[in-house]
Amino acid sequence: METAVEMRGVSKYFPGIKANDSIQFSVDYGMVHALIGENGAGKTTLMRILYGMYQPDEGEILIDGKPEHYSVKGALQMGIAMVHQNFMQIPGMSVLENIILGHAPKKNAGVIDYKRARKEIMQLMRSLGMTLNPDTIIQRLSVGERQKIEILKALYLGARILILDEPTAVLTPQEASELFRIIRSLRNEGKAIIYISHKLNEVISIADCATVMRKGQVVGNFTSMKQVSERELAAAMIGKSDFSLIVGNHLPCKSDPVLKVTDLWYLDLKLGKATIQNLNFEVKRGEILGIGGVEGNGQQELISLLLGTQTANSGRINLDETDITNFTTHRRRETGLGYISADRMTTGLSLNSTVAENIICGKETTSSYSRWGFLKNKEISSVADQLIQQFDIRGAKCRLPARALSGGNLQKIVLAREISRGPKLLIAAHPTRGLDIGAINFVREQLIRQKESGAAILLITADLEELMAISDRILILYEGHFSGEIQDVASATEESIGLYMGGAGQLLKEEGDTI
Amino acid sequence: MKEKVLSIISPIIAIFLALIVVGVVVICSDQNPLEAYAALLKGSFGSVSNFMSTVRYTIPILLLAISFSICERGGYFNIGQEGQMFMAALTAVAVNDSLRELPKPLLLLVTIMAGVLVSAIISVIPAVLKFYFGINEAILLVMMNYIIELLVTYLMLYSRLADSQAAAMPKSIPLSVSISAPVLYIFTIFIFIGFTAVMKYSVLGYRIRITGKNAAFAKACGIPAARTFLSSALIGGGIAGVAGLFEVLGIYHVMFSNFAIGMGFMGITAALLGRHSPLGMMLGSLVLGALQSGSVMLSTITDVSPEIVQVVQGFVMFFATVSFLYVWKKKKSHLRKSGRNPL
Amino acid sequence: SKPAATNETEPTEQKQAGTQANNSAPGKVWKVAYVSAYAIDELQWLTDMVAGLNTYGEEHDNIEMKIVEAVNANEYEPKIRALAEGGYDIIITSFNGHADATKAVAKDFPDIYFGIIDAKIQDIADYPNLQEFGIDRGYNSFLAGATAAYMSKSNKVAFIGGADIEAVNQIIAAWQQGLQYVNPDIEDTVAYSDTFVDPTIGRELALSLLSKGCDVIGASTGGAEAGVCQAIAESPTDAYYAAYDVHYYDILKGRELGSAVSYLDKMVIMFIEDVTAGKFEGGILKFFGPEMGTVAYEFAKDTPVPEDIQKKVMEISDKILNGEIEIGLEPLHK
Amino acid sequence: MNITDLLTITLRLAAPTILVAQGGLFSMRIDIFNLGLEGFMLMGCFTSIVGAYLTANAYLGILAAALLGTLVMLVYAFFIFELHVDPVVCAIAIITIASGLTRFLLVSWFKSSGRLYLPEGAALSTIQIPFLNHLPFVGPILNNHSILVYFALLVPFLVYFILYKTNFGLSLRAVGMNQEAAVSASIPVKRIQYLSMAIGGMLCGLGGAQLAMASNLFNVGMTNGRGYTAIAALILTGSEPIRTFWACLVFGFAEALVLMLSGEGYPVQILSMLPYVLALMVAILPPVVGKMMLRIRTAKTTGKLLQSTVIETENK
């Protein structure tokens, strides 16, 4: 097969670090080539070099066998396109505008030929089996749809070499498999696809070959994925041979409830329907209750109601004997609520504030951090330092802005803050999203340790594997109500949960309670 | 590396550019630019009394910078300071007039408190509208400034508070209480220290910072975001009011219908020059204060025409912006090394 | 002249006597400063006045003239004080905005002669080195009103004031009385432009007044006057302009009736000459009326006013001067 | 009061503000809060008159204003983009300089303090469009204006077209909304920024020219706050060209109304509040009323909605 890209001895230095260290990397047309490695291994950097955003400090790049020097513009002209880790989109613009941005078809005098653009895009969408109104504003789309727009953007430019940087990190399984379908069809068209992901099962199922990076170097190559197991990939990544993801003990729990939700209703007036319908459930002391389901079935609303940022239309919420239904967020948290936010970049952390500021947030009035309305800066620093150590938050210093940390370490700050409060109930929303396997294990370990020390944990996630790995009991949310409950997690299958997630719960039950 | 050289060279170029442009302008008017520069310097720092005059100009600017900065950090773009100053002063005049019988110290206290209260309220109304209804506060504040200015002119002409002797310049009846200069200085220092302490070391300052940077995060963490946001607007407005009261009670002992006009800009400029760091803001206010007292000298002891004074002021402001930025950048680049640079 | 002040003045007078001995020495150069309360170029009369003062300074070797603007409240006192400290012998300030600052500086510098234009200082007697100049705003405005009333065919006239302030309202008062004196049935409108710098407003205001049928418009509104003049000059029907302080021959081309002028430079020069001649009188308000030659009503050089009407206006002038007509200070309406 | 007169005055008063607001829009849209419109406008006033005065040709004066506006705005852009000066502080400095420099140059170039009149030959003439005379009502309002007024009526639509129909406009909006995304779409960000600022500068210059040419003179401070009005219109409408246009017309209308009423004995200061009170109303009422309505609707529909959904779920 023809070689699309060859990177020879490419190095890139950043202040204090060699992000890429004489990398050899080549990709063929008609292949999905996975690039894997821990957080901070240098994958994104390498791809940014390939995309022309960074210039390599050493080495050369051959595109279609010819050495090239180029910027982003040059890369796009040569047919290299990149879908970034965080979307490079303009939320206020329409799908169409986002796609043609920078490369609009023009009539005379720079006037955009919208008709042609629309036709081309519709055609492209059809060929990929997508149905989307090109005039929808990006803001209104779901994350999965936005991801597809990114790919459309790349294809619209006629990309032959497509870089996907963690495209599934924020996708639901359904959305992910939709994406895979598209990726496969692109590969079959003969495009070269570079695929970065931390989800090893995905890598095995989609990729044809893989390159492994660690600490800026290439440490391994898999030329075929046929016989490779997740365990092997993980081992190559972290350089240890005995590695696996942590799994919980799934013990059914008989203790008294910490969280008790009764008859909870929430109406979304804009949608004109109830997004939470008559929810009743309990989370017990020492239990991880997993709430699964396709995203957008009421998870976000449920979190808001529990956290108190929105008010329920009816129903009660009790936290450890206290009725917190009418409490403010502040009081709920004082009563013993902890929250690991689904969106660590906006609601989980303040990226422009320092690490210490992030760690004490919400606890600033407690006597250990302040007196007479003034902060005890020394104590705060020492507590923060201690937590940084305890949670192994790499690269963090008290007075450093949180922005400087990588995603995995940012999540550790969130954990440190929430766990150090000693919450009675910990709501963990998508706690391992976008993390590498090392970090995932760390988070899981912390959650299990919390549960063992007697906290109740409400795990809300769209990741089936995770849900089944650490939950002791599972509820599936479907259109605002529970479509199924799984008591015995150890013997549940992905298929059965998948059916519940599709709203087929009743059907299953009638067939005679197979679970 | 190239970036770095550029960032050092560009402000120097800008300074020279400013000096040359001002020089050319001054030469065009048949004056000696060196003489003009000397006068500016002498007028601001040349003698004790000139320095005191610099201090006198610095005080309101510093207070306004503090006011702007508190609001800005809380996420409230307070460009309504002129209106707040006017309302504080107006209230002071009104209260002073209607409670004239009170013993002087008590009257002074009541006057100040009433003024501060009203300016704080004036500032918090747009904040409420912003927080609960998502209305852009800048537009509200600008419009309120205009309305208040007109209202003040009207009252300084036709109300009980108008000076019946006024012929050309609408102004109020004289105030019966006043603040002496030393008290004024001490209070300003007090406010400055208080501001530094609150912003750096207090729980409130912490909450204001967090809410201003990321209100959604603050809410999710249980910080009472509404209360924090509104208190930053309230405090900022109150301090703007103090600036107005100091001018009226401490300097003029009467309220002119235009006394606050243009001062809001000065405060904002000082805050931006100092990048919201207390010391930086102090320096920024001092530069602007010096520029004002320097220009008094410029227009009285040199032959530079009044038209030129304004030009020089404008260009020096340019010059100050760039050079300050340079200092700030140098300080910041230490931090940047460890920070993430988006692209 | 004020017996109450004599007690206080005595010690100062002695000092003054001392300085005056020096002053009257031949070759003594007097440093004179005029402090303007408004931006000089915003108001044409002020520009003219300053030009007059500068010419005076150039023509007299013993006078060194300095013009300073102190427009904002926060520069009133600092600038006046800086001048006093800078060795000026005579400092003239202007209007009530400067009043407090001038009093404060005058108190601290008893050797310097201070003058202030029209500032309504109540306790002037306490300041023996300060003289206030009062301006007569009634005489010439009354005549302007009378002329307008004679010339109006539609019986509708209007006046545009720069701001609703006393200084302007006194002018309006006299204008209205002049109108009434000639034609009690005349309909007069008062409008304020609320700006002294915006000719666009002046122009549009005048256009709307013209379209309401006014055919004579008077205006005292600084830079906005030029806009008023243009509206009148362009008017397809006959319309006239009653000017204040300035003539607009170029724009109006025969549509200016005349101008009610105040020669403030003459007033200041008189004061300076009094001081240099050792005839300074402090602690008093000195009133400058038509008899002093500082206010006048001048017909335009290309005035459309017929001879007989001009004569009638001059008769009215005589009546005012000999006290037959008294002019009130309050506008009849606004 | 004569409605035709009122609307004619509205149009004339609004025209310069419209141009300046559309000019400012080009800064706002690339995320530069341009507080300095007042200064740019004043320079436009000055340059147009000086240009026309020196060349005895109004059109050359207008051209000069457009060029200078462009040039100064580019300098401003250079300070912001290259020297990283704060746009607000820089704008305040520009306003100060504009006001001082125009005063100063009048004296040193023309020995004339405060104002400069155009000689008759250099004045900008108004245009008679005969066919408009036949239109009832709108005819007299639209007829007999200077070319710049017609231009001002056209510009918002032109700007709309540029912004939403051309590639440049698309790039410009992208740069303003998300620079990182623009870079990654290989948009030449710097070029777009400078080009956009230049167009804005040109329009501000033209706005100034219209203001000064309408009165055939330059007068110190003659912009009299119109630059700030333009900013208010921009903020009020989220810098949307057509809506900004309407906002400027509304401001112009309020100002015209004040003028028409000011001969009727109302206190000026109170009357002059009208435009600002109006703007406040426009800014405050819709969101507040909207939210109130939502509240009321919520209260009304909650019960119904709950009921219907309960039945629905039970049916399942």
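Note that the chains take the letters A, B, C and D in the order they are written out, and that residue 1 is the start of every chain.
Just so we're on the same page, a contact is a pair of C-beta atoms (placed from the backbone, for glycine too) under 8 Å apart; a residue touches a chain by one contact, two chains touch by 3 or more.
These are the chains along with the protein names UniProt gives them: A = ABC transporter ATP-binding protein; B, D = ABC transporter permease.
Here the structure is a predicted model, which is why all the values come from computation and not from measurement.
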Shared chain contacts [subunit A and subunit B (ABC transporter permease), defined touch]: D
Distance from subunit D (ABC transporter permease) to subunit C - Cα centre to Cα centre, in angstrom: 38
Between subunit C and subunit A, distance of the C-alpha-averaged centres to the nearest whole Å: 77
Computed distance of Cα centres, subunit D (ABC transporter permease) from subunit A, in Å: 45
Where subunit B (ABC transporter permease) touches two or more other chains at once, by residue number: 157, 307, 343
Multi-partner residues of subunit C (each touching 2 or more other chains): 39-41, 164
Shared interface positions of subunit A, touching two or more other chains: 53
Pairwise chain contacts under the document criterion: A-B, A-D, B-C, B-D, C-D
Contacting residues of subunit C [partner subunit D (ABC transporter permease), same complex]: 39-44, 47, 50-51, 158, 163-164, 189-195, 197-201, 203-205, 207-209, 211-212, 223-224, 226-227, 230, 250-251, 333-334
Contact set on subunit A toward subunit B (ABC transporter permease) in their complex: 15-16, 53, 307, 309, 328-334, 339, 341, 346-353, 357, 360-362, 364-365, 370, 373-375, 377, 397, 400-401, 403-405
In the complex with subunit B (ABC transporter permease), residue positions of subunit D (ABC transporter permease) that touch it: 79, 82-86, 88-90, 92-101, 103-104, 107-108, 180, 183, 228, 231-232, 235-236, 267, 269-270, 272-273, 276-277, 279-280, 283-284, 287-288, 291
Subunit B (ABC transporter permease)-touching residues of subunit C, taken from the complex the two chains share: 33, 37, 39-41, 66-69, 72-75, 78-79, 82-83, 85-86, 95-97, 100, 118-120, 122, 164-167
Residues of subunit D (ABC transporter permease) defined as touching subunit C within the complex: 2, 5, 9, 12-13, 16, 103, 106-107, 113-115, 117, 211, 214-217, 219-222, 224, 256, 259-260, 262-265, 267-269, 272
